[in-house]
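Structure, as structure tokens:
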Amino acid sequence: MATLELLGFGQNGWGALLLVATLMTLAVTATALLIGAVLGTLVATAKLSGNVLLVGLGNVYTTVFRGVPELLIIYLIYFGGSSAVTAVGQWLGYEGFLGLPSFAAGALAVGIISGSYQAEVYRGAYLAIAKGELEAASAIGMNRMLRLRRVVMPQVLRYAIPGLGNVWQLTLKDSALISVTGLAELMRTSQVAAGSTRQYFLFYIVGGVLYLLLTSFSDRVFNRAERRANRSMPAAAMGQA
Amino acid sequence: KDWKTATITLEGAYAPWNLTNADGTLGGFEPELAKVLCERAKIECTLVASDWDGMIPALNAGKFDVIMDALSITEERKQIIDFTIPYAATPAAFATAADSPLANAAGTGATVKMTPGETGVKEIDALKEAFAGKTIGIQAATVYAKFIYDNFGASSEIREYKTGAERDLDLQNGRIDLGFDDAVYFGNAFAAANGALAFTGPEIVGPIWGEGEGLGIRKADTDLRDKFNEAIKSALADGTVKDLSMKWFKVDVSPAE
Amino acid sequence: MDIAFLSSAMVTLLKAVPMTLLLFSLSVFFGGLLALVIVTMRVSGNRILSGFAKGYIFVFRGSPLLIQMFLVFYGLGQFGVIRYSFLWPFLREPVVCAVLSLALCTAGYSAEIFRSGIRAVSPKEIEAARAIGMSGFLLVRRIIAPIAFRHALPAYSTEIVLMMKSTALASLVTVWEVTGVAQRLISQTYRTMEVFLCAALIYLVLNFLILQGMALLEHSLSKHRRAAPPSAVKA
Amino acid sequence: MPGVTRLSVRNIRKSFGSHEVLKGISLDAEDGDVISLLGASGSGKSTFLRCINLLETATDGEIFVDGEQIRMVRKNGQSRPESQKQVDHIRSELGMVFQSFNLWSHMTILQNVIEGPVHVLKRPKAECIAEAEALLDKVGIADKRHAYPAHLSGGQQQRAAIARALAMKPKVMLFDEPTSALDPELVGEVLRVMRALAEEGMTMLVVTHEMSFARNVSNRVVFMRQGLVDSSGTPDDMFGSGASPAFRQFIGHFGGEQ
Amino acid sequence: MPGVTRLSVRNIRKSFGSHEVLKGISLDAEDGDVISLLGASGSGKSTFLRCINLLETATDGEIFVDGEQIRMVRKNGQSRPESQKQVDHIRSELGMVFQSFNLWSHMTILQNVIEGPVHVLKRPKAECIAEAEALLDKVGIADKRHAYPAHLSGGQQQRAAIARALAMKPKVMLFDEPTSALDPELVGEVLRVMRALAEEGMTMLVVTHEMSFARNVSNRVVFMRQGLVDSSGTPDDMFGSGASPAFRQFIGHFGGEQ
């Protein structure tokens, strides 16, 4: 059948391209999540620091990057980023244009957005740690760093997992907007296949199904992580989760 | 800078001008023409696909050196980028559902030549009357959009789409009555629609669409533009453009002298 | 910076704000209603209903809105059944389709948010209500809903901000709201940065207002969580 | 009207899975009875109270409130109440005071107290407010009526929970360890309120660890052990010579710490 | 070595805002002293313990642990410890058992107990595990060593918290109402453990509502009232004829309910 051939791995089949694009989406999302983890941790720390200036900066970051449409941010980074890199290059004596590769620009843009959501997740997780457990750590003479490493971090991770699952979903879908940078991720490949074959519905539906596949895969990963992290929680709380 | 290499961008999803094959390679009229032009200009070219939105800013940001994506040469665009001489010039026409009462409107099959700003063309006035109160779909921010607004804005309803393909789907769905676009683009779309769509009214040609489609190049790169100008001239002169055009469009889109 | 251009771009974009607000308010309203239905099914305890709700949530949360919107707008019309049904006069309208797909999508998210709000209601408070003879709708209306809503509010504010941003996709279906108009302006003027900065500012202000509004609502609904007023501390 | 049987429980059984917690418990409470329910942790006291007002469904047995039997049906081998309406009605006649208060956190104390009369009994609001204020005054927290539960001390919350239960004008009050989470001073306050209720003739069933209450306030003591009533009788009997060996050992615990 | 002053507190004051909770409290604990700290709710007992191990910073006063003074500096009118390092060191010599246990929920009981010795005192892990198991055995929950805190009953958690504090080999143990959240049976278990510690000569400061503990286990009773030491003395003095009128009224409460 023509449809099967179009989706297959044969000469006229888009199977291979779609597979590569799915992996590309996975790679961009994972990279963005990582960038977001670093930024999110920094911003959450700033917002919890109690220092007026840092708290203010943290609030600006989370307000702006959650409040401005993702597409605009991607454009700003993709074009603005190139101009910045080129300017630096010229200052260093390099003639001509330098650009952020579309993977880097896309992952950076989505990572910055993801960071604003992750910051809130980490902040909430920190606040969920029982105050008494922090006091207990101080009471046996743990210093700040030790307390952070031994008591705060493990618990922040535990409380953050469900929220991170949501952030992953958001980041996965934001990655679809990177198609404007020309990166051959799943969304763009579906669009290109649709435009080149004029089989719009076929390729949009297939694209949607592939996204659902990624979602169910990541759901499974996060559920497992949550169960692992919650093994120290009472059974009742687990049932609720 | 002596141009030994250059990067050419195109969308890769605008059949038959340019499209992507199932193996990921680019094909269509423009990629094949690009190969010829680069050989003649003695430049080693790389083709990269990118999104239509933002193609011009990306050119100016230095992400590629040439745009070859059925880019019409217009005054607005000339303020931002430079163009080569045109390698194609295509007529435009209305399309409608084959079974629509609007099919075979007056002048179907004929050709009308127009210049920018021209009014009082009798074929157009006839269409205005025939299409009064109907909905016309156009692709936003094209020369065709401007034409429709200027001539049909008062009598018909106009709906703007982000891409021609989406407009074609809605034409089939019956949300709109008419579409207006590049006639060779339509020709290809009709084939995919299995005869559900058809031209109606005359083909409109001439300077009204500007000089035609040319390569977009950064203003600073005049030497690159000149090299491609030479190459295009020679490809037009020896009929290479015509051959490729017949292969992909079934009509000759070579610009008139 | 070209102030004249910026201000004219701003004026053009501001004209599209009413459309953005229309899409936003209609889809939040209908999406909220639908979410209530879905979450009721989800927690009903009936295997078929909750299975359906689970599937719904999975599909609408798991796939990009762009694809959903495309299929709703361009896809439904492919079916003669729909095109010749009484629904077509509605579905023919781009705004209706845009609101429909935005609402369908947000309903999936909101249902999950409401569900976690319901889970957060202390079973003890529910037992106390049962013990004085409450059950069914009375129990939901008086005890579960108010507590759950208060709990879900922070996550729900985030969701409606996401909703505001999602309206940007409506230009795909020929509804020209702020982002669509901005893109059109860019393809006319090729001044990407300036136009997008104007658009960004508009969204930032709108979302800021929404978040402030939600924070106010949250504040007024959490009297019972705040530190006691001085008079209540004493004695 | 002494002599009227307010609550009658016949041969109640309750299993969780294969674990039988209640193995057939019967109990009658007449008007004005104050019954203390004693027993070690895990002996099933809470479960028994929860079965009476159907927060748990007993596996077997019969319950009569003010002469009306709670109708049960068997479905798929599981016993369940026939009519939710009857359950709601019976519950509105049984006041329950939970060990952990369970006040509604989103309502003020006054709102907590009038919630049942206004929305379950559907009585006029103004009337309910007047009665609620009188009740709050009686338990000594009238000045807290516009505060939220989170702003009250444990003892105050406990008394608010009692007022909430009383506002329904129940025929019988069930108390589940009403003082176990309180500090000694607050224990005194709450016991004083319960003593006053007893003196007014309210029928009460009280799970407690307070021997002084069992001894001095209640007119009957029931000692539960391993899902059965081990022994029961008047406080004088039970704390005097009539005690079973198991009960003597149980109260020995308390004596030892004094 | 009886006679060595393990803990010495001189004239401690503490205000929250304008509310002065501690108005100058002094106390000395020698080796093997078991001091019961009594007082009504809100009298500042917890605050006092928290000031000793610097979870709160006292507004004024001096603290010596095992002869070493905690150095304080004034900055912007606020008193604060001069060296965080010294604070960490002092804290590792003071064991604290919180009323609400505060076990680390993400670690098993054994991990909770070895956490301090391994990561704060940096002792070899194998050695710490051996000691921890001995300690858990001593408090009677050796079989729970691989369970998480959430899976333990209150009494078991309380004993785990004691083991965690003891694993640091502290010079002084501070207990904040170690039994108030427990049911009577569990109270007995925990008090048994504390009695054993007292017999081994551990210096302890215990905030408690258990009169039997104050009377029978401790060798000194301190009664706090309105931020000051109202009276103190041996249990025999305090519970006998030497009591102040305020203390007599305070214990009257307890007597009355028995």
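Some notes on this structure:
Letters A, B, C, D and E name the chains as they come in the text, with residue numbers starting at 1 for each one.
Definition applied: contacts are C-beta pairs under 8 Å (C-beta built on N, C-alpha and C of every residue); 3 or more make two chains touch, one makes a residue touch a chain.
Just so it is clear, the model here is predicted, and its values are computed rather than measured.
Think of each touching pair as a link: the shortest run of links from subunit B to subunit D has 2 of them. Of all chains, the one whose CA centroid is most distant from that of subunit D is B.
Computed from the mean C-alpha positions, the centre of subunit D lies at a distance of 37 Å from the centre of subunit E. Chain centres here are Cα means. That of subunit C falls 45 Å from that of subunit D. Subunit B and subunit E have centres, each the mean of its CA atoms, that are 84 Å apart. In this assembly, the C-alpha centroid of subunit B lies 39 Å from the C-alpha centroid of subunit C. Touching two or more other chains at once are residues 74, 78, 192 of subunit C. Across the assembly, subunit D contributes no residue in contact with two or more other chains. Across the assembly, subunit A contributes 75, 79, 200 as residues in contact with two or more other chains.
Across the complex, subunit A meets subunit B through its residues 6, 11-14, 16-17, 75, 78-79, 82-83, 86, 96-99, 179-182, 184, 188, 191-196, 198, 200.
Across the complex, subunit C meets subunit B through its residues 74, 77-78, 83, 92, 94, 171-172, 174, 176, 180, 183-184, 186-190, 192.
Residues 122, 124-125, 127-136, 138, 142-143, 146-147, 150, 221, 223-225, 228, 232-233, 235 of subunit C are the ones touching subunit D in the complex.
The part of subunit B that touches subunit C in the complex is made up of residues 53-54, 56-57, 76-77, 80, 140-141, 159-162, 166, 169-170, 172-175. Every residue of subunit A that touches subunit E in the complex is listed here, in rising order: 130, 132-133, 135-144, 146, 150-151, 154-155, 158, 231-235, 237.
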